[in-house]
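Before anything else, here's the structure in question.
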Amino acid sequence: MKRFVLLVLIAFGALMFYGVSTLPDRADPRAPANLEESAAGSPVAQDYYIRHAYEDAHTPNMVTVILADYRAYDTLGETMVIFAAGLACFLILRRRRQEDLEEWEESEGLEESEESKEDGTRS
Amino acid sequence: MERGREGIDPMRGYYDDRIVALSSRLVVPFIQLFALYVVFHGHYSPGGGFQGGAMLAASFLLIRLSVGSDGAQLQFRKGWGTPGSSIGTLIYLVTGLSTLLLGGYFLDYSQLPLGMGESETRSMGILIVEIGVAVAVACTLTAIYDDLVGEEGRRGSPHDA
Amino acid sequence: MLDFFLGHYAYLFLVALFVVGLYGVVTKRNLVKKLIGLNIFQSAIILIYVAGASKWNATVPILEGSGASYGDAGVAQEAAHGAIEAAHYINPLPHTLMLTAIVVGVATTGVALALLITIHRRYGTLDESELLERMS
Amino acid sequence: MIDQNLPVLVPVLFLLAALLAPLLGQWRRGLSYLVALLASLVNTAVALYSLYYVVVNGIVRHKFGGWVPPIGIEYVLDPLAAFMIAVVTVVSLVVLVHSRQVVKVELAGRDVPFYGVVMLLLAGFCGIVVTGDLFNLYVFLEISSLATYALIAAGEKPAPVAAFRYLIMGTIGASFYLFGLWFIYNMTGSLNMADIAAILPGVYGETGVIIGLLLMVVGIGIKMALFPLHGWLPDAYTYASSASTAFIAPIGTKIGAYVLIRILLYVFEPGYFSSQIPLADVIMWLAAAGILYGSVMAIAQKELKRMLAYSSIAQVGYIGLGLGLANPLGLIGAVLHVLNHAFMKACLFLVAGNLRVTIGHSDISRFDAALRRKMPWTMAAFTVGALSMIGIPPTAGFFSKWYLVLGGIDRGAWIMVVVILVSSLLNAVYFFRVLENTYFRPALSMDEAMGDYDHPDADIESFPREEVAPSMLVPTLVLGTGIVLLGIFNAFIVSAVIRLMVPAGL
Amino acid sequence: MHWEFELVILVFLLAAAIVALRSKDLLAAVVTLSVYSFMAALICAVMGAVDVGFTEAVVGAGITGVLFIVAIYQTERKSVD
């Protein structure tokens, strides 16, 4: 099984090696991501960002401008992701204090595996 | 893992090691100061809300690690974590919603009524939003740490070995 | 050949890193180890984005001469005259995307660790095969 | 003013509710549910209005921050997105009303974060649906995924293990998506869907585009539990709390299917994935295998929720099949099945939740006629849902299968037609097993009903064994009625809404 | 771009990743992961992504490490593979 997984991974790696080697060179000024205007005639985002970030938001750090202005909605999403993680930990680990104490008192004399009795009942 | 002295759980209870406690108490204000600098100077140098918030969280975690969670309550209470993260994110969301209500697009900072030129208003908008992010991130990461360590009501209970 | 190597070696290394991380996730039995593998291959993707953003002879995406004071006159002038060369600065867009991706990575790790603690409280082990035994 | 803001309202209101629910909930416990309910109600109204608005007036675009699309992010509300949002909000509203009692029983003391996480889940789903930006899609995918992990983990004893497995799989999937997006970004220099769609035809031949597309499809395939990538689903649905499953199961995998439809048909051209590379055939065959596998495995299950989970794999297969057929009838069938299956699965999982609250288990071998006599309405809803899953004509399930069969005939894919028919037969087998127990099996004695289960509280007398409270019964019945109504009005839905979604060139 | 630097750090990065995955002591693995993150931050900085490097350093070498260590402290330290 382990060998099979290894084989699959090696095949996948080879495919990816092939895939990245067909890409345009890193830092190639003619790569589609580094152009001024895309093949379809629309402006390329990075060119616009570099040229206009300062006049649009009076902020020299372009990353900040993109993060909090051009793509601010992504950053809102990012903050929500962190918030979601906090809330998820809250839901998974924290209980109400009172129940917690009761459960603790209940299980004090019991074995460790009995701990989450309350959770395991409805199966 | 090893228990602390006299069976006190070093992650939760008061953990009395003078050198560790003192040195971390000495360092923490500087970390926090730098974190604030990172937040507010994000316009001109690398940094911004998330990095600053994470550093603030790191300063809270440092105190929690060095004197134990119970001792660190004096600095940042456990109960503040979840509301703080809500409020931080709310700052962001409400900024966006207010521009929507003022007739612009969502998160269109130029609509904010700050009485400045358009690009300065955008700059201010970015700052407001970054502060929101910093508050949210600092509070949430601390809250996650607290949740992972567990409640004080469980201290010494048989099942957290 | 050398050009090809210079243009792609970072990609090749990072793909290798990606595969190593994936190998860790798939084959390791310890759940913490799986999580470590997950972190590794997430950061491989982050680095591959960053590597793809670079440009020859370009500088960090912060306007030059603006370090000290707000509203630096030189920068303002340069910006006003549209004299900023796009080829002069590294592509900032992937950097921004990856800031978000890093945050997502931390969030996922936090939730995963919370799950691990719960699993350990309930089953007393983090080893996958032992866990399967105790579950049935 | 409100019209141009229509796309943004639903996700942002859900986000606002997600923030307010825990904040207010820590002050007064009951408020978190009220906030969630209020947001859900408002959003259902907004979603239905925006569906009407889009059908009448055409696509609505919202430019975030006022930046023109390739520069900024945009939200696009087209008929497909409006339709999906309407499905998500309506189903989730009904489930939310139902969930209150279940949460009180199964997640006592954890209701405040539960409702916050549910709001995040719905915000994530709606954000994925309306976004017109591939990276924004990733962010919202992660929001909904994190919420899903948390919801699954709050369940029975093995639930965290199932959630962890899903977390690993889901993160691998999301990372694959991100990696694929990097290839696409490298080949096009853009992240906006419409912009990419305009640039891509020039670079279709490049290997980078094909590999990027493949990575994205694999990543999304994990999220939508497409056949060989479904490993996380059965455990996750079974062990999660009934309230969580009722939120995740009807909508979660459909969102993955939606993303697949969006990328393959709207970002890439339909002709590309069906004729230039043989991806459509691969998806079709995998979907067919998934349909048969899910149906066969469902027959082997003894537990109702687990059976429904396997049936979910089969149902996702139908959607994949409709997409893989790559013709308009197949797409109509797939989209209609998203709607129908959301209602059917929600109905069936609500029944499972009702059973767990009243009799404490949902073990098929212990169902008996007494159940039907004590809980006539719940079992009636179950019957309607089951008939619809099998595909008996007046119910909704028949019509989506009908379109899929037509699409198969149109394509000349006779094997697929056979697969659909056979799977209907298999569906009949496993649902009739349940129906047989509840209609024809004489009431079991107390000992038999308890079986050889030695649960700490398998104390069967402590459960009321009578019809559930109205707050749980009404949502179940609403969904049951909805299934019939959707069946009756399916011609109207298809001609008024779904026909608008068929992209040019399909 | 200084490709010589990048190459050296990439080799170290790969080595750190493999060491982190092979170590049987989870605490050591996590510390190696922190080292790995720091390397990643360094390489970001070399490639000109100062913001990403900063974030990766704060998060990868700081927060993630602490969270991992707390979790290991709460569970167990030894791993069979």
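For clarity, chains are labelled A, B, C, D and E in written order, and residue numbers in each chain start from 1.
Everything below uses one rule, namely that contacts are C-beta pairs under 8 Å (C-beta built on N, C-alpha and C of every residue); 3 or more make two chains touch, one makes a residue touch a chain.
Just so we're clear, the structure is a prediction, and the values are computed from it rather than from any experiment.
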Labels of chains that are neighbours to chain B and to chain C: A, D, E
Path length in the contact graph (chain B to chain E, fewest steps): 1
Central subunit by CA centre of mass proxy: A
Remotest chain, chain C as reference, centres from CA atoms: D
Higher-contact pair (C-beta pairs counted), C-E versus C-D: C-E
Interchain centroid distance [CA atoms averaged], chain A/chain E, Å: 17
For chain B paired with chain D, centre-to-centre distance based on mean C-alpha positions, whole Å: 35
Distance between chain centroids, defined by C-alpha means - chain A, chain D (Å): 22
Interchain centroid distance [CA atoms averaged], chain A/chain B, Å: 19
Touching two or more other chains - residue numbers and ranges from chain A: 16, 23-24, 27, 33-34, 45-46, 49, 55, 58, 60-61, 63-64, 67, 69, 71-78, 80-90, 92-95, 112, 115-116, 119-120
Multi-chain contact sites of chain E, meaning residues that touch two or more partners: 1, 50-51, 55, 59, 63, 67, 70-71, 74
Per-residue overlap in chain D, given as positions that touch at least 2 other chains: 15, 19, 22, 64-65, 135, 139, 142, 146, 149-150, 153, 157, 160, 185-186, 191
In the complex with chain B, residue positions of chain C that touch it: 60, 62, 66-67, 70, 99, 103, 106, 110, 113-114, 117, 121
Complex contact set, residues of chain A against chain D: 15-16, 18-19, 22-24, 31-35, 38-40, 42-46, 48-49, 69-74, 76-78, 80-81, 83-85, 87-88, 90-92, 94-96, 99, 116-117, 119-123
Residues of chain E touching chain B in the complex: 50-51, 53-55, 58-59, 62-63, 66-67, 70-71, 73-74, 77
Footprint of chain E on chain B - complex, ascending: 1, 11, 46-48, 50-51, 54-55, 57-58, 61, 65, 141, 144-145, 148-150, 160
Contact set on chain B toward chain A in their complex: 42-46, 48-50, 81-82, 85-86, 88-89, 92-93, 96, 106-107, 109, 119-120, 122-123, 125-126, 129-130, 132-133, 136-137, 139-141, 143-144, 147-148, 150-151, 153-154, 157-159, 161
